[in-house]
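Across the two complexes that follow, chain A remains constant while its partner is chain B and subsequently chain C.
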Partner chain A sequence: MLTFISQIINGLNQSAVLLIATLGLLIIFGLMNVINMAHGEMIMVGAFVTYIATSILNIPFLIALVLSFVVTALFGALTEVTIIKKLYSKPTETILATYALSIILKEIARIIWPLSQNVNMPFPGTISLGGVIVPRYNIFVVIMAILLLTFTIIFFRFTKFGKKIGAITQNRQMTECLGIKTSTIDTLTFAYGAGLAGIAGCILAPTTGVSYDMGSTYLTDSFMTVVVGGVQSLIGAAFSSTIIGEGRTVLAGVSNDTWAKIMIFLAVIILIRFKPEGLFAKERR
Partner chain B sequence: MKMKRIIALAASMVLMASLAGCGSSASASKGSASSGSSDSSSGDSIKIGVLFSSTGSTALVEKTMTDACTMAFDEINAAGGINGRKIEYIHEDYASDPAKCTEKIKKLIEQDGVVATVGCYTSASRQATLPTLKDDDSLLIYPTYTEGEEVHPNVIYVGCMPNQQATDFIPYLMQNVGKKVFLVGSDYVFPKTCNKQAKALIEQNGGEVVGEEYAPLGQTDFSTICNKIKDSGADLVYSTVIGDSNTAFYKAYKQYGLDPAKCPICAIGIDESNLQAIGADYAEGNYASMPYFSTLDTQASKDFVEKYNEKFDDGTVVTVLTESAYSSCYLLAEALKKVDDPTDTDALIKAFAGVEFDAPQGKIKVDEYNHSTWLYSRFAKIHDGKFDIIYSSDEAIRPEPWPAVLYPKYKDTNFMPDWNDPICYPQ
Partner chain C sequence: MKSKLKDFPVNHYIDIALLIFLIFFPLFVKTFRVEMMSRYLCFAIFALSLDLLWGYTGLLSLGHAVLFGMGGYMIGICYQIQNGLPAFMTREGLTQIPWFYIPLKNPIAAAAIGILIPALFAMLLGFFMFSSKIKGVFFTIITLALAQIFSEFIINVQKYTNGFNGLQGVKRFAINGGEQLGKVQYYYIVLAIAVLVFIFCLWLSRSRIGKIATSIRENEARLGFFGYQSSHYKILIYTISGALAGLAGVLYTPATSSITTQDIGVAASTAVVVWIAVGGRGNLTGAVFGALFINWAQSLLSEHFSSYWQLILGGVLLAIIFFIPNGIIGQIIELQRRRTVEGVKIKEQSNANKGAGLWRQIFSR
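Entry: the complex of A and B
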């Protein structure tokens, strides 16, 4: 029984990791319709920023967290202005461009850091909750996931900026007619999405290490979470990452990791067969 | 409507990308990167193929193996070559893709006319070359440690067999660490075959297997496995986890409250390239077994590490695989010296029997019968982010492709079935 409870708690951690890794993609893919194949590499950029900050420059982890957001967001803004902006109406070309970008980033990282690098665990140790041992870092990850989700929801629902993005998503031309500079908002939204991917990289770095090929693992998982949750729904992403994370961990507890992975993918295929718009689809005109 | 199309498009791209990540890299170079002079009419040099990836998922490891081969062949040439003839090595990149490996070995043998090839990293890539080697009657020198239970007449296995990692290691662990063992591995053939042998050895030495778990390749969440280890009451974890998953595993291990001082991870799948990423704190106190560690304190080993680091200052480190690729080239050179006509493959294979080389790890020798190599057994305890060698066998240990502990019937036939037996290699 204790093990089962412990599995559920571990599942929360995995769900939080999944949610953090997905948020950035949700914004770029869900709100801007850009299929960002370089999402995984943006996570990698954030992770390498964390590595450079904490392991080489000895900057505290929490400041590295902010740095990874800022640097990746700037990088995202640059990408948007130079590459993505010209391609909004051409999804196929966007895929090619971002895929190319992902390869370029990966290869550059490989030349500089051929080996996987270590980021020290910022909050080592465990706490015991009635016999269940929980790593401190996991608690931090779950709190971060909740904070990022809440902040993003508030940002998009209740601020003027967020409402403008909503308007653009619904009808770009009409929004432009109303005198809103869609171009600037696009850049900022893309930058915010990229920055979130950077934070994901930072949070993943202490547990998985930092390597040039770390991104590809999370690309598939993130797209899966977005599609299951419903492409434009932040709440949907929270639900789907919880279902997938908990499902995987609990199933792995009763069978093993390989089977858990197979079952989850099977469930996802069945789900999108019958509900292709995801669990929390928004009404679209 | 448009949204659905985009989702479909995204889904197919993600699928493609993840497939690409699995091994085949569509963008890999088609051109042949060849070193050495490409004058095909030079009758005086001996042509040797070097077949390792420079692109794709396993390129990083294979790059150090290519480098080691370059270093070895340059040294052999500088020392006068093979009976006065220079070695001309031709490098081909198979882009971490077994299908491409078949194509490239064909090219090396049929177009370039190499007398033998040093190469391949994964078992899948090696097995992709086997039909061609047989049809074209050529030879492959394979430097990677392997799971055994395969002996091909056209392959010389220089990497270690599981018995060379386990037969000394497991009794030591039973006596000095504990009897209750939890087996953890990556989910594919190498860990499963090695663990089969480990289980037999554990039981033979009075130990007990209290659990067995496999994680998919590339897994980064080890919380469930750590929980199961905790519940099992194990004294030690015998690990065959491979690659970068190790970082997540070692970190999760301590994060979830398991203590290497009480229950160490004893691994046969980690080397120097993993240690940096795991970090000194998390690697501390765990064990590893390999024929060679770059911390080996002998002149030959120190010279080798120094030479490599001087020549290839690119962030890579010397591992057992680098050493093995280097030794493979020298063993091949020694065998070539014994034959009159290097293109006579049968004679060359015969010449390999009993060939010796003073490798960085010590004196090694190709077995007279089973095409595998006598190597040292060494194990180390990790301290301060380095392998502290705590045991070295006095001399090289005989390889057992079909280990005696599992297949007593092959004990008197050089640890392998008859050469004509179809179970010798995948047909």
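Entry: the complex of A and C
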């Protein structure tokens, strides 16, 4: 029983990581309808920023967190202006271009850092929760996930900028007619999504280490989370990342990691067959 | 006669030139180059299979190497179990050949199974994904996840697949313990099968099914209004594509005498997408040309740039998308089409008003 509870708590940690990794993708894919195959590599960029900041420049972790957001967001803006902007309304080309970008980023990282690098654990130590020992950092990750989700929801529901993005998603031409510069908003939205991926990388860095191929698994994982949760639903993403994260941890406890992944994958395919719009879809247009 | 020659599509000239080149290729080069070329011909078949799916039907799969690998592993296992229990199985504690491997003992049966299993797998996956109305994007993502999971799966069931080490010592179709085929001999067999596959794809793309596939790519909703069940055609095309990818794998494994998880994962799936993007999607010549061209470039350049090859590939892909989105062959076809269309226009104009014709010609350029 105790191992089961500890698995549930571990699963919560995995779900939180998954949610943070998914949020950025959800904004770029769900709101802007851009398929960003370089999402995993943006996570990697954030992780490397954290590595450089904390291990080489000895900057405190929380500042590195902000730095990784800023740097990745700037990088995202640059990507949007140079690559994505020219390929709107061409989904296949966008997939290919961002995929090419992901290969290029990954290879550059591999040439500079061929081996996995470590980032010091910012909050060492463990605490006991009803007999289950949990690392402090895991609690920090869960709190961060909840904070980021809340912040993003508030950002899109209640700020002027968020409402503009909503307007563009619903009717681009009309929004343009009202005098809103959609092109700038696109760049900023993409930058925000990329920045969230950067934060995901920063949060992952102390637990998984920083390596050039760390992003690849998160790309498919977060896409699957989006598929399960529904493309435009933030709450859906929260639920589906919990389902997938918990499911995977519990199944991995029963068999092993690979079989858990296969099970979840099969479940997602069957789900797509019967509920293609995801579990928490807003009404279809 | 002259105009007829001009109307003959330029890509078929390239096809014929390529075929003549490939027929006489073994006469002029060393045997190891022939061996390489037979490997690349298998890649060409593989590229054709994805071109049917992506170029014609518009469904981009980033996990096509999974189907390729399924075919390849069947033949690989076949030659592992020829002489009783292979070493890796004994090491993992198996005492006899697993029952589901027994049909693979005959190479011909293994080849047939290697085509059948990917086809069935594609059909099943297609049934789940295409029956509901998901967007093509999700297909791409699911297939990418499939590629990641499949290579992990092969590594995980080490007992049956020798995991990360892959399967070595595959013979070029030595039947009943006889001699294996010679390298040049095998090359011509692969070439013959490649030509047959090419003709089949050509026939398919011009048949009704091919035209419907193209309409799915262009406007799926409108096809639905005409009363076609587009999902059935998508499943059919994916199944055919799976069978051809399996065939490519079946031929590939004996050509290199080994198959490993490197050949079936994400990187291998990406590679085939890049070949088609470079050659030009939606025309068969582009797929073949792209596969042969990129692989030769890779083998000739990798002596100098082996550690940068993936980086170069990424850069090439990005450049192709921005500068020649139709791919090399696609661009050539486009140029010819434009030239003939312009030629017809100019002729009409100069016939209509001969006086101002010259100025018209200059302005219409």
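What we mean here is this: the second predicted complex is superposed on the first by the 282 of 285 C-alpha atoms of A that agree within 3 Å, B and C clash if a C-alpha of one lies under 4 Å from a C-alpha of the other, contacts with A are read in each partner's own complex, and residues count from 1 in each chain.
Rule of thumb we're sticking to: a contact is a pair of C-beta atoms (placed from the backbone, for glycine too) under 8 Å apart; a residue touches a chain by one contact, two chains touch by 3 or more.
Fair warning: this is a prediction, and the values are worked out from it, not measured in the lab.
Per the definitions stated earlier, placing chain B and chain C onto a shared chain A by superposition produces a clash between them. In the superposed model, A:Ile270 makes contact with chain C only, not with chain B.
Taking chain A as the reference chain, the count of touched residues is higher for B when chain B and chain C are set side by side. When both complexes are overlaid on chain A, the residue A:Pro206 reaches chain B alone and has no touch with chain C.
In the superposed model, A:Ile95 makes contact with both chain B and chain C.
Of the two partner chains, chain C is the only one that A:Ile104 touches; chain B does not reach it.
When the two structures are aligned on the shared chain, A:Lys86 is found in touch with chain C, with no touch to chain B. In the overlay built on the shared chain, the residue A:Trp113 is in contact with chain B alone; chain C does not reach it. Contact with neither chain B nor chain C is seen for A:Thr182 once the two complexes are overlaid on the shared chain.
In the superposition on the C-alpha atoms of chain A, the part of chain A touched by chain B in one complex and by chain C in the other spans residues 35, 91-92, 95, 99, 102-103, 216-217, 219-220, 223, 227, 256, 258, 261, 276. Every residue of chain A that touches chain B in the complex is listed here, in rising order: 3, 6-7, 10, 13-14, 17, 29, 33, 35, 37, 91-92, 95, 99, 102-103, 110, 112-118, 120-121, 124, 126, 133, 135, 137-138, 204, 206-211, 213-214, 216-217, 219-220, 223, 227, 231, 248-249, 252-253, 256-258, 260-261, 276-277, 284.
The touching residues of chain A, when paired with chain C in their complex, are 35, 83, 86-87, 91-93, 95-97, 99-104, 106-108, 111, 216-217, 219-220, 223-224, 227, 256, 258-259, 261-262, 265, 268-270, 272-276. Those residues of chain C whose C-beta lies close enough to touch chain A in the complex are 58, 60, 62, 125, 127-129, 131-134, 136-138, 140-142, 144-146, 148-149, 152-153, 155-156, 266, 270, 273, 277, 307-308, 310-311, 313-315, 317-318, 321-322, 325.
By the touch criterion stated above, chain B contacts chain A in their complex at residues 3-7, 9-11, 13-15, 17-18, 21, 27, 57, 60, 63, 187, 213-216, 218-221, 223-225, 227-228, 230-231, 244, 247-248, 251-252, 254-257, 273-274, 276-279, 281-282, 314-317.
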